[in-house]
Structures are given as structure tokens and as C-alpha cells.
Amino acid sequence: MRTVLITWLAYLSVVSANAQGNPKQLLQAVNRKFAQVSDYSANLNMQFNIPSVALEPVSGKVYYKAPDKFRIKATGILFMPRQNPYYTLQSIRDTNAYTAVFAGQEQVGTVRTTVINVIPYDNAGELILARLWIDPARQLILKSQLTTKTNGTILVEQFYGAMQQKGLPDRIRFSIDVARFKVPKTVAIDLNSKSKNQSLPAKGTGIIELSFSGYTLNQKLSDSVFREEAQGN
Amino acid sequence: MRTLLLTELYKIGTRPRSYIGFVAITAIVLLIELALWLDGEAYIGFILQSLEQSFDVQGRILNGQLVAFVILQTLIVQMPLLVALISGDLISGEAAAGTIRLLMTRPYTRGEVLWAKFTAASIYVFLLILWLGLLALGGGMLFFGGGDLIVLKSDGLIILKEADTLWRFFAAFGISFLSLSVVSTFSLMLSCFTDNSIGPIIASMAVIILFTIIGTLEVPLFERITPFLFTTHMIVWRNLFDFPLDIPLLLRSSAVLVGHILVFLGISFYHFSKKDIQH
Amino acid sequence: MEHIISIEHVTKSYGRFHAVDDLSLHIRPGEIFGFLGPNGAGKSTTLRMLLSLIQPDTGHIRLFGLDQRLHRREILRRIGSIIEKPDFYLYLSGLDNLRIFGALSHTPRLRHRIDEILELTGLKGREGDRVQTYSHGMKQRLGLAQALLHDPELIILDEPTTGLDPQGIIELRNLILYLKQQGKTVLLSSHILSEIELIADSMAIMHRGKAVVQGRVADLLSAQENLLVHLETGQPETARALLRQSPFAHQLQGEKDNLVELRCHREEIPGLIALLSNQHIPLYSVQATRSLEDYFLSITEQARYSSGM
């Protein structure tokens, strides 16, 4: 199945390559842009809209260190996607590890994006398929749809502002399919409960939105910043 | 009146039976805390398993607030019995023992005697709740630390910020006090009608269990009467952990509980003031 | 104050049963009043009504000149009582029980007063023990102690000698007399009629909710009807044979040494003496006496007959 897909996409890529160039070249440009950042820290605000879960916004700090260290420090309970926000970039860093094919162009907001499908060669890896909507002018990933083995499909949208030159977004929005939450009433001890909380839809798409501000770049962050403390931050 | 109230408190305080409630609460709370200490993570894992397929849930989930919440929920059945054990005996127990004669030949009106007993019972309820609060919330925070509270419902979760939980717990204790005061007044009322010590206690529990079952069954006929049952409103303390707060519901239920107290007290005063003390 | 207790046309019914039936009773201050009657006569009900334990259906009760319904607290402050057997908080000591009831009765200098009363009632040394360990007699004493603790003007005692040994009964009798000397009024109900006879100034006999008789004990004992006459004669057999042939035949009682006993009315005594004298039967003494027990039995029997039983 994977072989058929690769073959078909390869054919399409040959057809479209004449008009758009090598997709890996665009991905490399995206990588180069982000490689300007070896580490950063920023203020973080997280908003949640998850079916069956009522959770108020959480504020904290976020830390990143190339190539793959990412940590959020916040008090309280928070729901994070299973992939960190830079999973996409991590996935495309090694251009020899995957095949990339153009999948046309689409409008994302006001931007005409180039759509690229990325298929890793490694069958054992977590990522099955990544579909990327890239702004070719700014070499920025505006949207990515990641299909993974254990975590299903997740849509990541990135919104850029002052830090777009470094490839750092102001906002990242995750959209995740959520299964129906149900616990027996005797476990919940939710007897006689008549008040149905209106803010808890049963199932659907869960949205987590991260807002970044106050970026501080390339401070040579220590690895100790990314170590897990005792539970509870 | 002060002397009367102090003697009632003294009688309650010197009676071994009065400490059953405190011992029971202590045992139950410690048991739950131990169970959560040993197996709390597994419990949380079970609760969150469907969500953890899609998300990485971070933070101190097993904390003092959650422990206190679980304890409060668990004691929902036991507390009314512990209260009825004392209140149901206040008049009928004295009648059965014969001390009601000596008491009612002191220079106090029937109303004053009943008021003193009601107040003493209310103080007992308050102390029970205070003890529960200290053990559940205080003990929970001590052993498990503080954190955000996950409120588990059968169809979802509500996560409340740590700073937003303390006042909710105090309000919940307040409503629990109101709820248990209804039980206390109800069993005191039954106590006025009989000279049998055990009858009011058992009758109180039977009524509470019956009303709770009626409230649980989703039968159209019963759903018409459940708004009038005090047991329906006794668990409204859980709604203090909703987000957002349903304030009209809370106020309505509180008013219903207060109304029940007044009605039960009124019936008690009326009957007791007219009752012939034969024993 | 002419009467410390005034009961006016008081009735208390339970369904069709009249426990107290149009009772009127007056008790003077400073006297010992005996309240007699068979079981179910209405004594306890009456005492409970005096103490506001039971509400009368009709009638008025005044104590210390005050309407009981309007001045309950003030009245109860001045009364000490034992109704039926004294029941206490068994899980507390005698001292704790006295503290509780003494405080509720607003007893001044309570600790000092408790010590006095413990001495008076013979409980000194056992006050620290739980009432559960007391004998019946000790509980009676404790009952008396709580009744006297606040130095009441009126003491109501419902069968206080029940369960007491003879020594205890004597001590109680002496205590009641002592209380009278102190100016107290004691209302005493009892089945032991000889006790009432010995110490009461006035009395009432209840039967089926009614006071069939009430008055001064001395007056009642010397009343006209049905005296027990003891004749001391030198020829008791001859006297009995003669009396058996006379209209006094059915009035003969048992034999007792040389005494001939018979019941008769006071006005019959001269005729009796004349009968024996005319037959030259020597009479050494004629004693017409009335024991309260005889009076009580005859009155209640009479009341039973008059009500058609």
C-alpha cells in the first residue's frame, strides 16, 4: 500500500515539479529559517476547548532547545498534545529520511500555500504521513496535518507575527479528535446529578491553542531546564 | 438559655455514643487516604484512559484537593446516619430513660428546651463537618500536596485552579452543614413523636435512603416529586465544583434546605409543646 | 397566700377514659399533704399536671397564687419534685447529675449546696460513682437530692418510699418532717397509708379521677362513719354470743385476746354499751378508733359501690 502511494505521488511530483521545483528544497528553506534558533524561552498562554473537559486557560513559560528539547513549565493541570509543537519541524529536518511530493496549492487565510506530503521511509517510526501547507514566500509552515500510529491524526495551525523571520509563531493551534468520555456513575459518584454542565459537549474535536510572547532567543539554555521535576512542576 | 444549651452540649459530650461519628469519620478518611496513596495513580489512570489516548495530561492530578473531594463524595451516605444517631435520640432517648421528667420540671418552657437541643445538635453537626474538613482537606494537603482539582463527572471532567478550590470547599462544607442540619432537624422531629430511642434513628435513615432511591430512578412519576425531596438538594454541594457556577440552582437548593429545617422545627415545636409527658 | 396549690375543676381524659374528672383541690402552704388512692385513681396524672408535664383538658391550676399557664417558669423555679422512680443520666455520676439539674434550676452556690444536700440525703462518698452503679435506694436518695437542691418552697413526692428499706423509710419520714419545720410544703403521694397517717396534716383520697374525700387527717380520722370499736370485757365469749343475737351481729369483726371488735357508727356506741351492760357483762374499756387504712379501704369501696360497680 505504502509502495503504491509512493509511486503515485512520485508520478504526481514529476508532473508538478516542472512548475514548482523540488519540494525538499522548500522544506530545506523552512529548516534553514528555523535553524537560526538554537534555543528560546517565552511566555506561554494555553487555552483549551476539549469535549468533556472544562479547563480554564493556563499561563506559564515555554523552553526550547534544538534539536528536540521542549518543555512547558506551568502550575496546575494541563492537557498537551502527545506531539510537541515542533514535531513537524523535527520530522522534516533530515531530508534523506523521507520522500516529499507536491500536492498542489491551497489558500490558507490570505496566503496561497504550497501543499507538500511527507512520507517517512522508516516504517517503524511514529509518523505515517505529514501533509504541510507552506508559505513559499516566507518559508513558513502555516498548517500541518500529522497522521501517527498511536495518536491518530492531529491538525496543527501556526500563526506568525513579529518573530516570523526566525520561524517562530505567535500562536499554535492543535485540533485533535477526542473519543467519547464516559465513566460509570458509581465511579464518578455522580448520583442524582441534575445539573448538566452546558460547557461539556460529548465528543468531537479538541482544540488546544498556545500563545507565545516575550521570546528570548539563543541564551544557551542548560539541559537541566528540560529535566522532569517531581510531579507538580 | 445559655445554661440549658451548655448542659445539652455537656450531655452530648459526655456520652460515648457521640464519638462514634468522629471515630467513623477518622477511620474512613484515613482509609481513603491510604487507598489513594497506594493506588491513586491507577485510579486516575482508569479515569483518564480515554483522554490520555489523545492528550498528555500534565500536572499534579493526585493532590489534596482531589483526595478531599473523593472523601466528601464517599461520606455522602454515612454522615446522615452519624447525625441521626445523636439527633434522633435527643428527645426520645430522654423519654425512654425517664430523664425527660426531670428535665421538663426545670424552669424552662418546652420551646426553650427544644431550641437548646436543636442548637446543641447543630453544634455537633458543625463539629463533625469541621473534623471532616480538617482530616479531608487538611490531611489531604499535608500528605498529597495541593494542586488543581479534577472534578469527575460521569460524562466529563471539570478542572478547577488550585486558587479557586479553597473557597469552594468552604462553601461545600457550608452547604453540607445545611444538609446535615436538615437530617438533624428531621430526626429531632421524629424524636418528639416517640418515646423509643432507636425508632427515630432508623426511621430517619429509612426515609433518606428511600428518598435517595426515588431521586436516582429516572421514572417520570418520581421526577415530579424529586424537586421537593430534601435528599435531592442535599447533594447540591457538588454543584459548587461546576464551571461555571449555577448560582440560581445553589440558591434555590439552599432555600429548600432552609425551608425544610424551618418546617421540621415548626412541627417539632408544635408537637412537643402540646405533648403529654407520660414517661 | 391562702393556698399554695389550687386545682379548680380540672379534667384530663384519654379518649373515653377520665384520668382526672372535675377535680378540685386546695393545699395550704406549710403543710404536709397526703395524696392517696388505688392504682389508676389519677394521682400521678394530677401531679404531672401540677408540674406542667401534662396539660389539663379543662379547669385551672394555680400555684403560689400564679396561673400555671402564664407563669410556668417562675412556678417551676419554686418546686422540687420526684415523679415515679427517679431517672438520671446513668452514664454520668451522681455529682454530675446534681450539677446538671442544679444548674438548670438556677441554684445559687451550687457546689456548696450540693455538699449540703449530699450530707442530708446520705449520699456523701458515693457522689463520684456513675448512677448506673447505684442501688434503687440510692437512686431514690439522689432523686430527693435533686428535688431539694434549689431549696424549693413546694416539694412534690410521688411515692418516694418505693424501694426503700425500713431504715430508709424512717429517714425519709424524718426528712419530710424536717422540711415542714423549715416552712416547706410537701405534697406526698403514697400507697403506704400508715406513712400518710403518721405525718400528713391534710389529705385527699382519689378514686377514678375524683377526689372522693379531702380534709384534715385528724378530722377525717374522727369522722362519724364506720368506726372500729374495741371492747375490753371480762366475758368476751358471752359478749360475742350476745352480739351475735343482736342487730350488731353483722358488724362483729375478728377476735383479739380479750377484745371484742366490731364496726359501728359513732351514734351506735351508746346502744352497744347499753346492750352489754343490761346483760351484766362487765365492760372495762370502749375504744373507738379509725385507722387511715380502714378509712381508705372503706371510702374507696363506698365510692366503687356508688358508681355502680
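By written order: A, B and C. Residues from 1 in each chain.
As a working rule, contacts are C-beta pairs under 8 Å (C-beta built on N, C-alpha and C of every residue); 3 or more make two chains touch, one makes a residue touch a chain.
As the structure is a computational prediction, the values presented were derived from the model and not from experiment.
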Central chain (by mean CA position): B
Of all other chains, the one whose Cα centre sits farthest from subunit A: C
Where subunit B and subunit C are represented by their mean Cα positions, the distance between them in whole Å: 52
Mean-CA-position distance for subunit C and subunit A (Å): 100
Whole-Å separation of chain centres (CA-atom averages), subunit A against subunit B: 48
Residues of subunit A defined as touching subunit B within the complex: 50-56, 72, 74-82, 151-152, 176-185, 187-195, 197, 199-200, 202, 206, 231-233
Subunit A contact footprint on subunit B (complex, rising order): 46-47, 50-51, 53-61, 63, 73-74, 76, 145, 147-148, 150, 152-162, 212, 215-216, 231-232, 235, 238-239, 242-244, 246, 249
Contact footprint of subunit B on subunit C as seen in their complex: 48, 51-55, 72-77, 79, 81, 83-92, 96, 100-101, 103-106, 146
Subunit B - residues contacting subunit C, complex: 3-4, 6-7, 10-11, 14-16, 97-99, 101-109, 274, 276-278
